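One structure, as structure tokens, below. Some questions next.
Think of it as A, B, C, D and E in the order they're written, each chain with its own count starting at 1.
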């Protein structure tokens, strides 16, 4: 299904912080693989492992959490909580025989367009190799 | 499930249409189940298009619309308004971003951009199918604020709230208002005294019908939530008959006969105090008070002052309030025994005590029968500690010490001030004070971070030694008649209110705001606000600013009679939940409550406190929590559509 | 007779963080606010900053939600690229003023697609990148600008008409003219912010002459993801710097340039930039030359200590002179106070931590009344201790750095105070219940 | 459709300085882009080849980068200068 | 361990120091001073000592003499603490410390005493002239004799003992061990500095100031030599006569410019003037000018009938020789050169192990 089209990446972005950064990337005409799809949620620590696993099951090659980091408007525990979700999901992925590296997280601030593009490029490259 | 969905695909001039094949996109989505209408448009945001959409919704009886255009950050509210105008619930409107996140980002690969756009719009349609009509939650609120602490900040906030039409309960733990400010003399920059300011504010407060002042009062419990708190206030008796006028002569007699005597905390032990007291003659409320904890009820005073009534009892009253504003202030740092010879050499005192000393000495500056000429000020005592817990800078002390030093020099003759500091921090306009004190000959000596000045006794003299940075580390010494420890601010030692209200405490042990820039006077507990120096060391102006800020926040929160809440909330399925505490533990807003429901213990979301962040979602081991607008079906069907 | 606009309760002058905060507070209480911004977008200086001390959250992440909340608030009308003049007080709670809307030459139909910008042949200094890079004569001020509408810099336009030709939304309109409207308001909040010190006034630092001497604002831009260069680079030759110096108190605490007071933020923003630089250029050395480090606010001292732990070097001593070497490196001469010796040190980039000065625009806005200024040219606060927003004119209040140097949290609190005082003024004089 | 540019042309004249600036930019742009035709270069290399002062190269090159005509490549071996190339 | 003495500031202000307490120790003054180096960093070190009142540290220091007052520090001082003027005041203060008679201290601090001294000397000259019945020849004879005697006396009784005191403060008291050879090695520097003041050249871009000063010193010393040794007023030698004219001309023209700039207060160095500064430039001007006029009167045979002009010159001369040279600003010339000399000694010791 994904042959020759590049690896499909699902990005969970957050409405206030990382989604504006992804918008900004487009605004600045920065390019990243067109197989990157974004779903936005209020806060990165709200991502359920179940959604991530669903994405893998349905055929996504990688999932990327564009986290709020310390800029989170809700609470500073966001970074920790998001990290915990990731590590729990990594466990689930191992059980299912999915390579944990296919789930990544990085803090993307609201103007971090360039870091986001870099993340996407390197992630896509990594996924296409593995 | 919505099945009459209208889809609009925007060309955005050429911005989208140049890279995304909008016609193809339209054809594909038109075939999608549930889509009854699919259109392309040059500018979706244009007035004519907006009208067309309204018409479509009404004519075709659409139950959801999807607009594929630019980022929702730009036009979400524009389009939601279209829905509202057409009588459609705004939450049945879904915006798909095919400009910033598609046509522009992938302008190098138009073919793939089109494919991505198709997936994105399909996902949007899925989301629209599952979208629920939401209404913003409204809870009623009483237009009342309980202000805790009648210092300058609290009084100022009370006046402002009252002016804005809010009912205020001003609750002060002491018997008199004014807090710390009434202990201070002339203030920078206006040269008013602390007591004048307190008097000015008090006199204003008593003119308001909608401010009720309680003194000797403390909040002992709280229930309810924002808009509708129930608080219990315990009021200690004053033992003075209510409504009586102050009779100074009789009061003085009562003081004379009172057998209970102890160090006066107001003057930091420079004078003695009786159980019946006023800290200073013009203190407010005018009538004196008898300290409930100290009085032994011997009745001597009643004999000379008939307005005294020792039969008064403590009482507890209930207050219903929309919000609580804490302005409980600070305590001065109390040096440990031996810290810069404090408590060891008798002419070492704190800055706060020194300020009282100046006020109590009119003509000559005398401490312990000794005329004071050379004064050594040692800065950062209790602040910026290397080993101790207080890592923070207390912000006001440099200015306060310098201001006091200038005052002393002007008030008495023959004073030499020596400032043993760690780098003067007279920020902003306060710099002029530093300049002034230097110019009049105050001497500033700066110690290295790791070698603070040493205070020691040499014969009869008290010597302060320092390796002075400003003189290339040279060892210098001053024979000081008085050593003033410039002590900073620490949180209130007796801080029961923090436990009662469960106010979050920061690393520095002061109350913590949600965010110093976004929400600087709010705490994570909705409806509990903080201001002034209970939050961090602040000077009077800064305290007042934050108090006024908090007043306007509190007022806008509760004054409309109802509080609107975003409908994006967590919902717990009671049939699945088996109380495990994980969600309530992680919730930063204390919005999840343990409840008994139908015979089992479950977690319930308090809708008034929930902010809809979703932090609780992933921690539930049985997946009982759904976030409205981001439910599993919505997200998962979107994922399926995207692939 | 100019057109009239009425029905407003408050005129907020200045759309920076303080103006926005004040406007939002009042609008949330239910007052109608007119917000006038001189610049072509709102957000003030804060929106251009990188991360902000001491929490290191990104300035844009905090500003943009506030900006968009302000922009779409039903009780707030925003006028950008506009100025206020001839404010007259007619009676209690009755002010009139003239609102001057400058032509933008671009209508609100602009979708912000930037096609015009691509085609425009003129390049001038980009003021939003503090002259480090160029911009076109027709331009979107910056990527996260609000409103995100292009503007034509008519002074630098060669009138070629290309922009009009290529605009897909037909949003270019050269027929726009300056428009003057009379507005009626009940009260005013001055939130005109501050100016930065121009270091060219201190020739011994060589700013302007030595291209590798930059201001802290230029460095701030270099540290933002929407920065002018692809990395932190020297403006002179594009070299990645590895030895950066900060010169504190440039234009602050200095009577020779007429600003004797401390700017209150330079120490902390320099410490912050140093920390960010250590992240951006892991191999770089950062030295901060200071007189006193004013780390006084909540969490500041800890932040300062943290930067020391990260390896930022602090040298006590004000830099006296800066000289340029042939390779573009700079030699700073200073007295190392701790040793009492004059020294010279070579750095490949020098950042001047420029101070804050009063923006005196407010002085000329009033017509039949005079607004008081303090000794340092800021708006005079007549009752600083208990009514910090009060000015010499009843009904006119001050918010943020218009009343003196302060950091962002203090500005926000000051704006909160201004909104509270304004609200109670309006209510008091309305005799509302 | 009628163009509004004709309206303003009647009202305004363009100063010589502005015209000069435009020409200057066009000239520098041409020079820089030409030197980059062969291979990616660093700013000092471009400055040397174009005989322009290096700060002028930095400003204009970065402007070209901003408008997408030039992109930044790798950094040199000394970790000092980036190479820039045509897009 | 040093004890702080805050009263010293008050004392120093009597010598003309202004507002130096305002110093917040940023070090800007030291950093902009082109004469300051790692070994001798100033002026802040001296401001600091002055604020703290560490008198012995100042007394044993040569630093105040290393400053030639270009004024850069005062111009750029963020606190307007006038470091340049402080250095000047310290030189005045040091002068009084070196002076064993204690007179210079009194004259610096109390302008009334200076005026009384000036009047007394003037009265002395007039009384003497009365005693000599205003006979020009006698008066001129004694005048010439006075010149020689005064120089000898001032040098041997005041200046040399003072320089020895200075040596004691700077070298002996702080126990700096200087081998005898070093004293000889340094002599050349002493002479060079004394006559050229070449360090000023490192001071600022204004080379003209140095040149002015240089020709003034040259002119002054040469005139001294011409009048005393070559007996300018008595000679018939045309070369000497012209030489004298040139020299005295230089003196009054240059000093006229100095006076003018002190009045205009444009340059930092001339912004603040203590009475001693005025006395110095005005008397030097008068000295050159009256000498010039006296010789003109001699050449035009007018002096016989205008003896007052010589008397006026003599009064100036006596005041110069008895007040300004031993106790006034003139001594700077000497102390500064010796300070340089002592500084070299200190440096030489540091260099050789």
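Throughout what follows, contacts are C-beta pairs under 8 Å (C-beta built on N, C-alpha and C of every residue); 3 or more make two chains touch, one makes a residue touch a chain.
Values in this document were obtained by computation on a predicted structure and should not be read as measured data.
S.K.: Steps needed, at minimum, to get from chain A to chain E via touching chains?
M.R.: Steps on the shortest route: 2.
S.K.: Can you name the chain that lies farthest from chain C, using the mean of each chain's Cα atoms as its centre?
M.R.: Taking each chain's C-alpha mean as its centre, the farthest from chain C is E.
S.K.: Closest chain to the protein CA centroid?
M.R.: Here the chain at the core of the arrangement is C.
S.K.: Ranked by contacting C-beta pairs, which pair of chains comes out on top?
M.R.: Comparing chain pairs, contacts are most numerous for B-C.
S.K.: Taking CA centroids for every chain, report which one is farthest away from chain D.
M.R.: Of all the other chains, the one whose centre lies farthest from chain D is E.
S.K.: Just the number, please: Cα centre separation of chain B and chain C in whole Å.
M.R.: Roughly 26 Å separates the two chain centres.
S.K.: Return the distance between the CA-based centres of chain C and chain E, expressed in whole Å.
M.R.: Taking the average C-alpha coordinate of chain C and of chain E, the gap between them is 54 Å.
S.K.: Hey, how far is the Cα centre of chain A from the one of chain B, in Å?
M.R.: 34
S.K.: Give me the residues of chain A that touch two or more other chains.
M.R.: 20, 24, 27, 29, 73
S.K.: What residues in chain D touch two or more of the other chains?
M.R.: 68
S.K.: Can you pull out the residues of chain E that are in contact with at least two other chains?
M.R.: Within chain E, the residues that touch at least two other chains are 24-25, 45, 79.
S.K.: Touching pairs of chains, which are they?
M.R.: Touching chain pairs, listed by label, are A-B, A-C, B-C, B-E, C-D, C-E.
S.K.: Residues of chain E touching chain B in their complex?
M.R.: Touching chain B: residues 1-4, 6, 9-10, 19, 21-25, 45, 48-49, 51-52, 54, 79 of chain E.
S.K.: Quick one: in the complex, what on chain D touches chain C?
M.R.: Counting only chain D, the residues touching chain C are 1, 3-9, 12, 14, 18-19, 21-22, 25-26, 42-44, 47, 54-55, 57-63, 65-68, 72, 75, 79-82.
S.K.: Mind pulling up the chain C residues that touch chain D in the complex?
M.R.: Chain C reaches chain D through residues 105, 117-118, 121-124, 132-136, 154-161, 164-165, 170, 172-175, 211, 228-231, 233-240, 283, 328.
S.K.: Provide the residue numbers of chain E that touch chain C in the complex, in ascending order.
M.R.: 24-33, 36-38, 41, 44-45, 75-80
S.K.: Under the definition above, what is the set of chain C residues touching chain B in their complex?
M.R.: Touch list, chain C to chain B: 25-26, 28-30, 52, 55, 57, 62, 65-66, 68, 72, 109, 111, 113, 115, 148, 167-169, 253, 260-264, 292-302, 305, 316, 337-341, 374-376, 383-389, 404-406, 408-410, 412-417, 419-421, 423-424, 427-428, 432-433.
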